[in-house]
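A short write-up of the structure that comes next.
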Amino acid sequence: MERPLFIPLILGTARQGRQSENVARFVFEQTQKRADVETEVIDVRELPMKLDDAGEQMKDPKFAAAIERCDGLIIVAPEYNHGYPGLLKHALDMNLKEYIHKAVGICGVSAGPFGGARVIEGLLPVMRELGLVTIFEDVNFGKVGTLFDERGRLLDQSYVRRVDKFLNELIWMARVLRHGRENIASA
Amino acid sequence: MERPLFIPLILGTARQGRQSENVARFVFEQTQKRADVETEVIDVRELPMKLDDAGEQMKDPKFAAAIERCDGLIIVAPEYNHGYPGLLKHALDMNLKEYIHKAVGICGVSAGPFGGARVIEGLLPVMRELGLVTIFEDVNFGKVGTLFDERGRLLDQSYVRRVDKFLNELIWMARVLRHGRENIASA
Amino acid sequence: MERPLFIPLILGTARQGRQSENVARFVFEQTQKRADVETEVIDVRELPMKLDDAGEQMKDPKFAAAIERCDGLIIVAPEYNHGYPGLLKHALDMNLKEYIHKAVGICGVSAGPFGGARVIEGLLPVMRELGLVTIFEDVNFGKVGTLFDERGRLLDQSYVRRVDKFLNELIWMARVLRHGRENIASA
Amino acid sequence: MERPLFIPLILGTARQGRQSENVARFVFEQTQKRADVETEVIDVRELPMKLDDAGEQMKDPKFAAAIERCDGLIIVAPEYNHGYPGLLKHALDMNLKEYIHKAVGICGVSAGPFGGARVIEGLLPVMRELGLVTIFEDVNFGKVGTLFDERGRLLDQSYVRRVDKFLNELIWMARVLRHGRENIASA
C-alpha cells in the first residue's frame, strides 16, 4: 500500500482580522478527510521571517523540511490590491529547490465577488519559477465576509463540492508528480 | 520498449517575414534528434481558421487529432506588443479537452534582448486554463534578427545547450504526465 | 466651448453567436448619451485583416485614422480560455503610434460569474506597451448568457450605474491626457 | 513659475547585500539633477511594518504623507522568483487613496540579463488597482552584479541615457496628471 501524500496548506496572510482563516480551516478539514493524504497548516504569521532581509537567507529548517517532504501544496491567498499578500511572497521566497516538481492548488479569497481570481493569475509566474505545477482547478471564495457565520462555520454548502473537485485534481497531480520524481529518470 | 513521445511544435505566427521560422526550424531539428520523440511542425499560417468566427467552432480534424495524440507541445511564440500573437491564440482556442494533462514548453522570440520573456508570462494563464502544464524551462531567443545568417543558420551555438536543457525537462514532464494519464486513477 | 472627446468602442470578438454584441450595444448607447463625447463602434469582424500576416503591415487607413483621432477607447473583451480573443489582439497590433497617450477602459465579458476579470489582467501589459493608459475602473459583465433577454435588452439595471462610473473615469482621463498631448511639452 | 514636481523613489527590497541599492542611488542622483523635480528615497527596510499584520492598518504618517504629496513615483524593484519582493508589496499596501491619479515608473533589477522584465509585468495589475498610471518606459537593470564597481559606481554609461528617457516620460505624465487633478473636474 502506498504511503500517504503529504499536502500542507499555507495560510497566506498575517492580516489582523483575516477572513482567510475561516477558508483555511474549512479547506484543511476537507483535506484531512482524505484517507490517503496527510496535511498540516503553515501559517505565514507563525514563520520566523524578518523585515530587514529576504529570500533563502531567512530559511527556516522546519518550513524548509515541510516543503522538501511535501508532494503538493494548498495556498490560501487573499487578494490585496489585485496582487498577492506581501508576506505570502516573503514566505514563499524562503525556500527554493524544495518546491521542484510538486503540485500546487490555489484557493483565492476576496471581499468582492470574484474570489481572488486576480491573485491567482498573479501567482502563476511565481509558482512556475519555483518549479511548482499549478493545477487548473481553483476554488474562489468570494464575498468572504458573509460566507461564514460568526463562529466560522461555512454558510454555502456548494463549497464542499467545489473543494472536493479541487482536491481530486490536486491529489491526482501530486501522485503523478511523485511517481515521476521517484521513478522516471531525467531525459 | 516504450512507444515514442509525440511532441509537435507550433509555429505561433503568420507574419510575413517572420524570424520565428528560423527559431522553429532549429528547435524542430533538435527535437528530431531525440531518439524517443516523434515531432512535426504545426504552422498557424497553414491552419484552416476564419476571420469571422473563433473557438471550437473552427475545430480542424487534423489539428485536433495532433493535439489529442500529443504528449507534449513546443510553442514558438514571438512577442508582439508585450503579448502573444493574435493568430496563435486564435489557433489555440480551436481545441479544448485535447490539451488536458499534457506538457508544454515555450520558446519566446523577440527583436529585442529579452527573448520574449513577457509573451511567456502572458501565455501562462492561457496554458493553465487549457489544462496544459507549462514547464519551468524556457528558451529565450533574443535579438532574433541577428541570431541567424541569411540562410537561416544559427550563429550562437550556446542555444544548442539551452534547447537541450529545455527538451530534457519537457520530455521528462511529458513522460510523467503520460504515465499519469494512462496509469493513475482520478482521485 | 471644448470640442467633444472622440471615444470609439472596439467590439473585440468575431465569434459567431457572440454575446458581447449585446454588451457592446448597451455600452455604446450609454456612451452616446454623453453630451461631450462622440463615439462609434469598431467591430473586429469588419476589419480588413488577414490570416497570413500580422502587425502594422495590415494597417487599415480607416481604422488607423480612428485611433489616431481618438482621445480614448472602450474595449469590449470576452474572456476566452483566461486570455484575450486572438482576433482582438490581431486587430490591436495593426496600429502602433496612434495609441500613444490615449485613455482606455475595458469591459470584460464572460459566461461565468467573474465578468472577464482575467482577460482584463491579461490585456494590461499590451495596453501599456501600446502607450495606452488603462483606467482603474472596469465593468465586468458576468453570466452574460442570462444578462440580456432574447431581444438583447439588459435585464440587470445595476449596470447603468456601473457603466456610468466607468465612463466618468474614462472621460476624465481622456480629457486629462488630451490636455497633456496638446499643451504640455515633453520633459 | 510652477512649483516642482515631487517624485520620491521607493527602494523595493530589504534583502541583505541588495544590489538594488546601487541602482536606487544612481536613479536617485539622476532624478535630483532635474531642476523641476524634488525627490527623496523611501527605503522599505526603514518603514515601520509588522510581520503580524498587513494593509492600511500599518499606515505610517510619514510614508502616507509622502505618497499623498507626490506627483509621481519611481519604484526600484528587483525580481525574486519572477515576482515582486514581498516587502515591497507589504509596503505598497500600507496606503490606498494616496496613490490615485499619480504617475509611476518602474526600474526592474535582476541578476540575469532581462533586467526585471517579469517583475514589471507582475506589478502592472497592482499599480493599476492602486490608481497609479504606469508609464510605458521602463529601465531594465540586468546582470546587476557586474553593472557597478565595488564602490557602487555605474560601469555602463548607456544607462544615463536610458534613465533620462524614462525620467522624461515620467515627468511628463506626472505633470499631466497633476494638471488633471487640480484643474479638470470629474466627468
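Per-chain residue numbering starts at 1, and chain names A, B, C and D are given in the order in which the chains are listed.
We take it that a residue touches a chain if its C-beta (ideal position, glycine included) is under 8 Å from a C-beta of that chain, and two chains touch if they have at least 3 such contacts.
Here the structure is a predicted model, which is why all the values come from computation and not from measurement.
Asks: Could you compare the number of C-beta pairs in contact for A-D with that for A-B and name the larger?
Replies: Most contacts of the two pairs: A-D.
Asks: Among all other chains, pick the one whose mean CA position is farthest from the mean CA position of subunit D.
Replies: Taking each chain's C-alpha mean as its centre, the farthest from subunit D is B.
Asks: Once you find the CA centre of subunit A and the CA centre of subunit B, what distance in Å lies between them?
Replies: Measuring from centre to centre gives 29 Å for this pair.
Asks: Please compute the C-alpha centroid of subunit A, do the same for subunit D, then give the distance between them in whole Å.
Replies: The answer is 30 Å.
Asks: Return the residues of subunit C touching two or more other chains; collapse runs of consecutive numbers into ranges.
Replies: Touching at least two other chains: 82, 118, 121-122, 125, 128-130.
Asks: Would you pull the subunit B residues touching subunit C in the complex into a rising list?
Replies: The contact residues of subunit B facing subunit C are 13-16, 45, 49-55, 57, 80-93, 118, 121-123, 125-126, 128-130.
Asks: Any idea which subunit A residues touch subunit C in the complex?
Replies: Per the touch definition, subunit A meets subunit C at residues 82, 113-115, 117-118, 121-122, 140.
Asks: What residues of subunit A sit close enough to touch subunit B in their complex?
Replies: Listed in rising order, the residues of subunit A that touch subunit B are 34, 36, 121, 124-125, 128-131, 133-134, 136, 167-173, 175-177, 179-180, 184, 186-187.
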